[in-house]
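Shared chain: chain A. Partners: chain B in the first complex, chain C in the second.
So, the complex of A and B:
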């Protein structure tokens, strides 16, 4: 078990290194334009270009450039934006982390609870119209672009039905820090949580239903039935337990991917100043240092989150000894 | 009839249908898959008719027409209405007329016909997702085949590359690739891709999903590599390339076919998200994603600009997913091939 965990840690380090090299190559070695011109932004003066060239070491070999970039992003944190003169990028990214985490955590809780519920209901009433309806809804959830769903939610809750009892509690768009205003924090995040969760409820509901139906054909379920246990007890205490294993692995992958994907789009639509919104704003102004920093931090977070889930999994599941 | 030269004894005529015919029959009998396919083809046909529609309705979806005046039922209606709220300085584009002849879904911020733009944009969305699917399948299959078949150092190197790509969040990778190629395009040797070219999103989306195809293919090839007919071919001294082409590729073909609609659905969502972030399709070209972005500023006044293309994406992606599920069930009922992480 220790060996499996160490192996997973080693793999994590390798992937982190690989991603950092890939990001470096994409930003500094993609054929096309001069990387200094990209970093300095539009209409940069020759002096600025010269300064960029010097500080990123573009006159030196690639490995030195790589080391300089990693130092700027992770060690000294003095990567500065050229579009917004002198704006330190790394502190801005660190400040945005709580917003993204609030969004993602809330959505994850919602999607796990609801999708377990949906999976159970669909499996219990399998092949009835309840099952088919829920699975069709799940498919619809997967098929909608999440940012579009966010806009629809805004349209309903901020504009069209804002004055009705249904949405009158919805505060204007924006983020309120949990420490300043817990109630405001919760209320502003409810609609984004629901939006983000709808996408994943669909996928997870379907996966759990499939796993449950497969588990229900196992021998130990027959044994449980033979012992005279009630159907609901069999489903909840016996089938659900094994089915959750697949669910948990998937959750680890998605929780990470969420941070670097759908959450980004959701933040943009709801005006939440998280990593995603930061990236979006930088994309609009072609602020490359900022994008480098958000991409690097977010992907490192994803890799670490995945590794932690895998290690927890190794600890929990006695069958995974040397996977 | 080429095998008559090889066999001396007459081969008895095969009774029943081959596996492909049986699969086609299963697919045909799957009602929801067929309905989904029909809906999708309808959308494709509508988008292909975009130039015809624009000519018939007499609109240019790429030209801003801020001062155009429409004649609806004998009444002159300006495409950009003077705002009545606030100081009355702003202009609000025409809302939906629900009349196919002119501005069915209204106008966007530049007075362009939204429906016409949607049809043209749909063409781009469909083309990009289809081309990116082909690219991913080719590159992913090549990597999966090479890694699984040759093993050893090739496998180690390719698998590590795939590990890194797999762990890299899709959107972050796509954003990085887009932003560096956005302003200057891409130059690799003699190949130059201009910035703003539709090929850029195709290549970017094609690259980010490679591991989704390469990893399952590699797994299948590893298993096939140990099967008797492949071992026999190897021991007979058949060259590796020929084994790959004649023995291995046909055996992973069903997997590849199943990937097509599911991959396309995924690509469509990715393309629209990139375009929404303004790093996909570049103006004046449109795609469903860029139109949703155009509509974001008009969301509360003219919601249909954003609603309609989103609906188009949702319906197309759902149709592709349903058809893809049907295709998988038809080709390989026992398989558990799942695209992506679901």
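So, the complex of A and C:
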């Protein structure tokens, strides 16, 4: 078990190393582009250009440049954005992480709980109007673009109906730190959570329903019936457990991607300064150091989320251990 | 009689019209006896016993007739009442042990689950009982086997675990649906021995479904031969094997390789294949493949009442 975890950690490091090399090569070794000019920004003076060139080691071979970059990101943390006039990149990323984590974790709890409920109910009452109704709702949730839904939510809760009893509790847009103001943190995030979760509730509910219905055709379900177990026990203990495997795979990928910046649209709509927003702004101004840092952090989250999924696999399915 | 089935019909609604998988099947099982049910794939042997277990969950199936367990009518019994019998008094062993156990739980957990579904005992006591059961079905190391997952056991061991589970509540009736088909010949012998010993020790009645005439000739007290959803011949084992009446039974016997004397270069096979249940012949279902058919076979032969009978017009002709 411990060996398996250590091996997984080793794999994680290897994958992250691969990603960092790839991203580095794309931005810093593309032929015909001068990374120093990019980093220094438009209309930079020759002195600034020279300082950049020296600081990033562009006068030295590529491996040294790579090592310098990694040192700036992970060890000294003093990677500086020239486009944004001396803004330190690493603290900016560290500030954005709690925002994105709060948004995505809350939404994830919401979507996991609700989609399991919906999947179970739809599978238990398969082909009845309950099932059809839930699946239609799910499809509706999937088809609503998150930026549109977010704007509608804002329209309702921030302006149109803000003064009614329904939405008077909604604070203005923006993020409040959990440590400063737990209640404010929660209240500002409720609507973003719901907005982000709706899409995934639809997808996960449908995926789980399909997996449950497939599992209910298995031979071991017939055995469970022959044992005299109740239908609810068969569904919850025998079918759900095996169906969660597909669910967890999907969850690992989506959660990692969202934490790594895919929640951009939600962040923009609700004025949250998260990783997605940071990456987006960096891409707009071609802020290479910032892009490098956010991509590295994003990949770290994707890799960690997948490693956690692998651990959960071992808990869910004993067959994985020996394989 | 522990089980009396009368005029059982199972009909499936399909896109091409209704399919009568079981057509008027009647039989009895006495306490402590082993009834062998033989037939080709699709002859309805499994479906008829699934109907007895109340395990036909297909919403397109309709079940008619009467199934009485110790005098209690099972057809139309509420699900909750049926569940109390299932696993406790009537247990079933399935064909493929590779898929019959839930892959994510240990053997011990799965046996204990069944015990606790029917008896009010502690989890620990249920586990102890599971260990006893595994010892009874000859697990070499029952204590250790409790914490094994199905994928860690061989097919024969899994089938033993399934049998241990079926026996966990001392069922009065055990339905075994081709429990040896998916296993090696050597493992098969062990499982058959186990079934016989359990009958002797606990006095459970056993209904043993198989398509293997050899297995039936070794194990069963009485035999019932099915073809295209009907019983074509029944009788005590010695009678049926000593003097098969129905041409189908005779053809099945002919396909058993002889143990002594010269072996034929090719085993005789029954020409043709079983009829589609969608397009059954008007008369005797076996007539198109029958070597001794005659005009009377245009009509459907009934299975005469009695312990020894065959549904064939030739029988009456030969044996008045």
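The definition used in the following text is that the second predicted complex is superposed on the first by the 293 of 323 C-alpha atoms of A that agree within 3 Å, B and C clash if a C-alpha of one lies under 4 Å from a C-alpha of the other, contacts with A are read in each partner's own complex, and residues count from 1 in each chain.
Just so we're on the same page, contacts are C-beta pairs under 8 Å (C-beta built on N, C-alpha and C of every residue); 3 or more make two chains touch, one makes a residue touch a chain.
Owing to the predicted nature of the structure, the values given are computational and were not obtained by experimental measurement.
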Check whether A:144 is in contact with chain B, with chain C, with both or with neither, and answer first, second, both or neither.
-> first
Quick one: classify A:15 as touching chain B (first), chain C (second), both or neither.
-> first
Who contacts more of chain A, chain B or chain C?
-> B
Touching A:169, do we find chain B (first), chain C (second), both, or neither?
-> neither
Seen from chain C, its contact residues with chain A in the complex are 53, 55, 57, 79, 83-88, 91-92, 94, 96, 99-105, 113-114, 117-118, 149, 151-152, 162, 165-166
Residues of chain B defined as touching chain A within the complex | 160-161, 163-165, 167-173, 175-177, 179-188, 265, 269, 272-273, 276-279, 289, 292, 295-296, 299-300, 303, 306-307, 310, 313-315, 317-318, 321-322, 341-342
Going by the contact rule at the top, pick out the chain A residues touching chain B in the complex.
-> 11, 14-15, 18-19, 22-23, 26-27, 30-33, 38, 42, 139-140, 142-145, 147-149, 151-152, 154-155, 158-159, 203, 206-207, 250, 253-254, 256-257, 259-261, 264-265, 268-269, 279-280, 283-284, 286, 288, 291, 295, 298-299, 302-303, 306
Footprint of chain C on chain A - complex, ascending | 218-220, 222-231, 233, 237-238, 241-242, 316-319, 322
